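Two complexes are shown next, each including chain A; its partner changes from chain B in the first to chain C in the second.
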Partner chain A sequence: MDIVFEKVEHVYNARSPLARRALYDVNVAIRSGAYVAIVGHTGSGKSTLLQHLNGLLQPTSGAVKIGQETITSNKRPKQLKPLRKKVGIVFQFPEHQLFEETVEKDICFGPLNFGVPEEEAKRKARELIQLVGLSEDVLTKSPFDLSGGQMRRVAIAGVLALEPEVLVLDEPTAGLDPRGRKEMMEMFYRLHREKQLTTVLVTHSMEDAARYADEIIVMHEGTVWGHGTPEEMFRDADKLAAIGLSVPETVKLKQQLEKRLGVVIPSPCLTLEQTVEAIQQLFAKVSAHE
Partner chain B sequence: MNWTMPFFCLLFIGRICNAATQGETIMAEPILSIEGVSFRYPNQSDYAVQNVSFIAERGEWLAIVGHNGSGKSTIARMLIGLLRPERGAIRLFGCLLDDTTVWEVRRRVGMVFQNPDNQFVGATVEDDIAFALENNGIPRAEMVERIREAIRQVHMEPFLHHEPHRLSGGQKQRVAIAGILALRPDMIILDEATSMLDPRGREEVLETVRRLNCQQRITVLSITHDLEEAAKADRIIVMNKGEVMAEGAPEHIFRLGSKLERIGLDLPFAVKMGSRLREQGIPLRAGYFTTEELVEELWTLYSKK
Partner chain C sequence: MSSHLIIGQYVPGHSVIHRLDPRAKLLIVFVYVLIVFWANNIPTYALLSLFAVVFAALSRIPFSFIARGLKPILWVILFTLLLHLFMTKEGDVIYRIGALSVYEGGIKQGLFISLRFLLLVLMTTMLTLTTTPIEVTDGVESLLGPLKKMRVPVHELALMMAISLRFIPTLMEETEKIMKAQAARGVDFSGGRFSERMKAIVSLLVPLFISSFKRADELATAMEARGYRGGEGRTKFRQLSWKAADTAFLAAVALLAVLLFLLRS
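Up next, the complex of A and B:
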């Protein structure tokens, strides 16, 4: 499902003395099947933008086109129900949204609300619990007896149960330890490929954006500051620094090395592996000259 | 004989501890010592913390690192008497921590928790800092003075009359620290206090803590799974499965390399990069370094070629 923002503006508390413009002149397209990272400093409009993706917020002017649906300021909320099924949002700390007696009931809650027969919802739950990396015997447990990381996986299974075509992730690894963070990010990447999802990741981690995203959208003070591949977006570290963002550590190292050694490193150095390889080649070349 | 010890402490804690705060060397003891402490949560057969011993010196920045569930937060909760050890003893400021000394300890040890939104009570930043002072019966004139001083120390003066919930995460944590500073603590415990912040917020908080540690010699105990943060400490204790796995200066700890990665921690970038390059046959020296130092090392090698 392609997503297109056209001249989107969002003003909170419009027509009141407390009016505050959170988004303006947002024109951006997310193509179907892409993995897109949205980065930006706190208060840059990332979260407001994200809530437009399934109609939780409607633009105060402009339009958001999601597949066949168009959301404008006068669309009735009732008409947005089919959209809510197609776009799944995993909010920050999704485990806070668990409420049922058992894990199975919690995962089935969404599908049952959308009229899926109980047997099918339960079958779905069994499949999903494995997909998020938990064993089937978790299904009969209370979600509140699980560890934080397990609870988060259950909540994510609940979002996936609606079989969304677009998966929106808002800082999905906040509060996890490094291993938990890596496992979670690898899981989303696997889902992205296996289910051919369009994935939108809101993150503070430039490392994750560089490693997983096809494209990066940089938000700044309520509008799109830049949009391109990770290589393009991380080319100018000084410009990013001016809006309070940094480049990944690997890119920082590459740029410092190029300056100190007076060489050009052709690799974009977006991951640790790429960077190790690039430095190895640099040294191999010198040895070959001898 | 046993019962007299806490009683003794209660009577003399003020005098002994005040002397120690002024930096006199009457007490040669460390500010904190934990001896053979074990703890189990109710209805659990496994120990969350098992036979843990360590000390913290006055003015030191000590980091306790470990993955989620390694027992590090359980230790923090025992230090301020929220949990009680099943075995072993905790001594703070030279006194055994028990029911009679816990209130004095809580006055002198401030804790900053993980979630910046869960620790505010006041409608304004000023009210919030005043809350603990009121509870401790500080006279109004002194309260005003202490609030002013505390807010200045965390560089948040312009926000004194703001509502706490409208601040950024980093600003909230700095206000939480100001609330602690107003009580003139001897020790600050940061329990994953930066893990929910964005990179800028994290830097703000760590910069504040570093300043307090250097200039006022407040003892800092930071509990974290972020080894970049732990790298700033004087000493690191690595926890794994409820036990102390290693202890030492950051450069010493980072030599453990892949052992740390195996227990779910992530090495600081330059350390990780250095060890990967060494594995690929680039003869870098081992040890801890920053990205800048790594670049210099590579430059030296490159120019020798």
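Up next, the complex of A and C:
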């Protein structure tokens, strides 16, 4: 599903003394099937933007087009429910939303809300629990007997159970150890490709944005500061630094090397593998010269 | 929704009322709330209203703001008024609608009771509008100090109060977050059948309880890690100081009480 933001503005507590403008003049398009990372400093409007993706928030002015659906300020909340099935949001610390007696019931909760028959929901739960890397006997346990990382996987399965076309991830790896982070990010990437999802990742990790995203949207003080491929967005480290963001470590290394050695490294160096390869080529070139 | 309710909200300021000792304000409001029930004729109600209005004016909080905050209780007041209007059977009949008749006493009684209600809410609202929750807590702890001799755990009670007040905004934030997360899973908090609504509430309350217990546990650990051992021998960071203005205001309430006692019929 294509998602288009047109002149979106969002004001919290509009028409009250506590009014606060969180978004303004947001014009951005997310094409169907893309993996898009949204980065930005704390308070840049990332979370507000994300909640527009399934109608949890409605724009104060402007419009958000999601597939066939257009959300404006006067859309009635009742009409937004079907949209929530198509756009699944994994919030920060999703394990906080678990509440059922068993893992199975919790995963089935979303599908049942959307009228999926119970048998089918259960079948889906069995499939998903393995997809998120847990064994089937977890299904009968209480979610509160699991470890933090397992709880998160269960919560994610609960969102995936809606079979969304768009998957929105709000810092899904916050608070996980490095290995857990990597596993989880790889899992989302696999899902993205296998299920042809449109994935929107909100993250603080420039490394993750560089590695997985096709496009990066940079938010700054409530509006879109930049939008492009990772290579484009990370070209100018100083400009990003000015708004409190950095480039990935590998890009930093590449830029330092280029500056110190006076060479041009053609590779964008977005991942560790790319960087290693680029440096090997550089060495090869130097030794060939000698 | 929350923007209409100003009871319990604090409005920062530097007025005379803001700077009063919280103990003085607590005593003023406490005494006022008690003597409101003495009033039973026009002079006494006039005096009470005058005091409340002057008190509110001195706080320099915009009157429109206070008025807006009082709006939600207007319905309760209106209901009380109507109830008294039709139920009190004293004095002459003034108006008759079918089987219901309005008596003179009913009008008087209705107006008085409504005014009494309004004054009560106004004065207690003034307390919270001009006093931070932490000041209120300090004030309560200090005022209840003598009870310590009777083994009442005053410090612990005050601490409980401070912690509850502190976590109200956190809890509201948490509620909103969980509601959104469940809404994203297809929960409809605004409508649906009764059983669906119950399920929706359960999906909100269970996570809320769990996170609250967890937070309480973490808070206790954090307090112990910083050497908290309870009230015994603990000094205060915020010292309360009783000033001349506090005595003056308290004297004014005392005078009000005396006048009320003399003027009531």
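The working rule: the second predicted complex is superposed on the first by the 290 of 290 C-alpha atoms of A that agree within 3 Å, B and C clash if a C-alpha of one lies under 4 Å from a C-alpha of the other, contacts with A are read in each partner's own complex, and residues count from 1 in each chain.
The rule is simple: a contact is a pair of C-beta atoms (placed from the backbone, for glycine too) under 8 Å apart; a residue touches a chain by one contact, two chains touch by 3 or more.
Just so you know, these numbers come straight off a predicted model, no measurement behind them.
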- Message: So in the superposed three-chain picture, is A:Arg76 touching just chain B, just chain C, both, or none of them (first/second/both/neither)?
- Response: neither
- Task: Would you check which partner chain A:Gly149 touches, where first means chain B only, second means chain C only, and both and neither mean what they say?
- Result: first
- First, second, both or neither for A:Ala174, with chain B first and chain C second: first
- Compare chain B and chain C by how many residues of chain A each one touches, and report the one with more. B
- Message: Output check: A:Leu257 vs chain B and chain C. Expected answer is one of first, second, both, neither. What do you get?
- Response: first
- Task: Spell out the part of chain B that touches chain A in their complex, as residue ranges.
- Result: 67-69, 114, 168-169, 192, 195-196, 198-201, 225-226, 264-266, 269-270, 272-273, 276-277, 280, 282, 291-292, 294-296, 298-299, 301-302, 305
- Query: Which of the residues in chain C end up touching chain A in this complex?
  - Reply: 3, 177-178, 180-188, 190-191, 202-203, 206-207, 210-211
- Message: Under the stated contact criterion, what part of chain A meets chain B in this complex?
- Response: 41-43, 147-149, 174-180, 204, 244, 246, 249-250, 252-253, 256-257, 260-261, 272, 275-276, 279-280, 282-283, 286-287, 290
- Task: Note which residues of chain A are touching chain C in the complex, please.
- Result: 13, 16, 18, 51, 54, 56, 77-78, 81, 84-85, 88-89, 91, 94, 96-99, 109-110, 113-114, 144, 158-159, 162
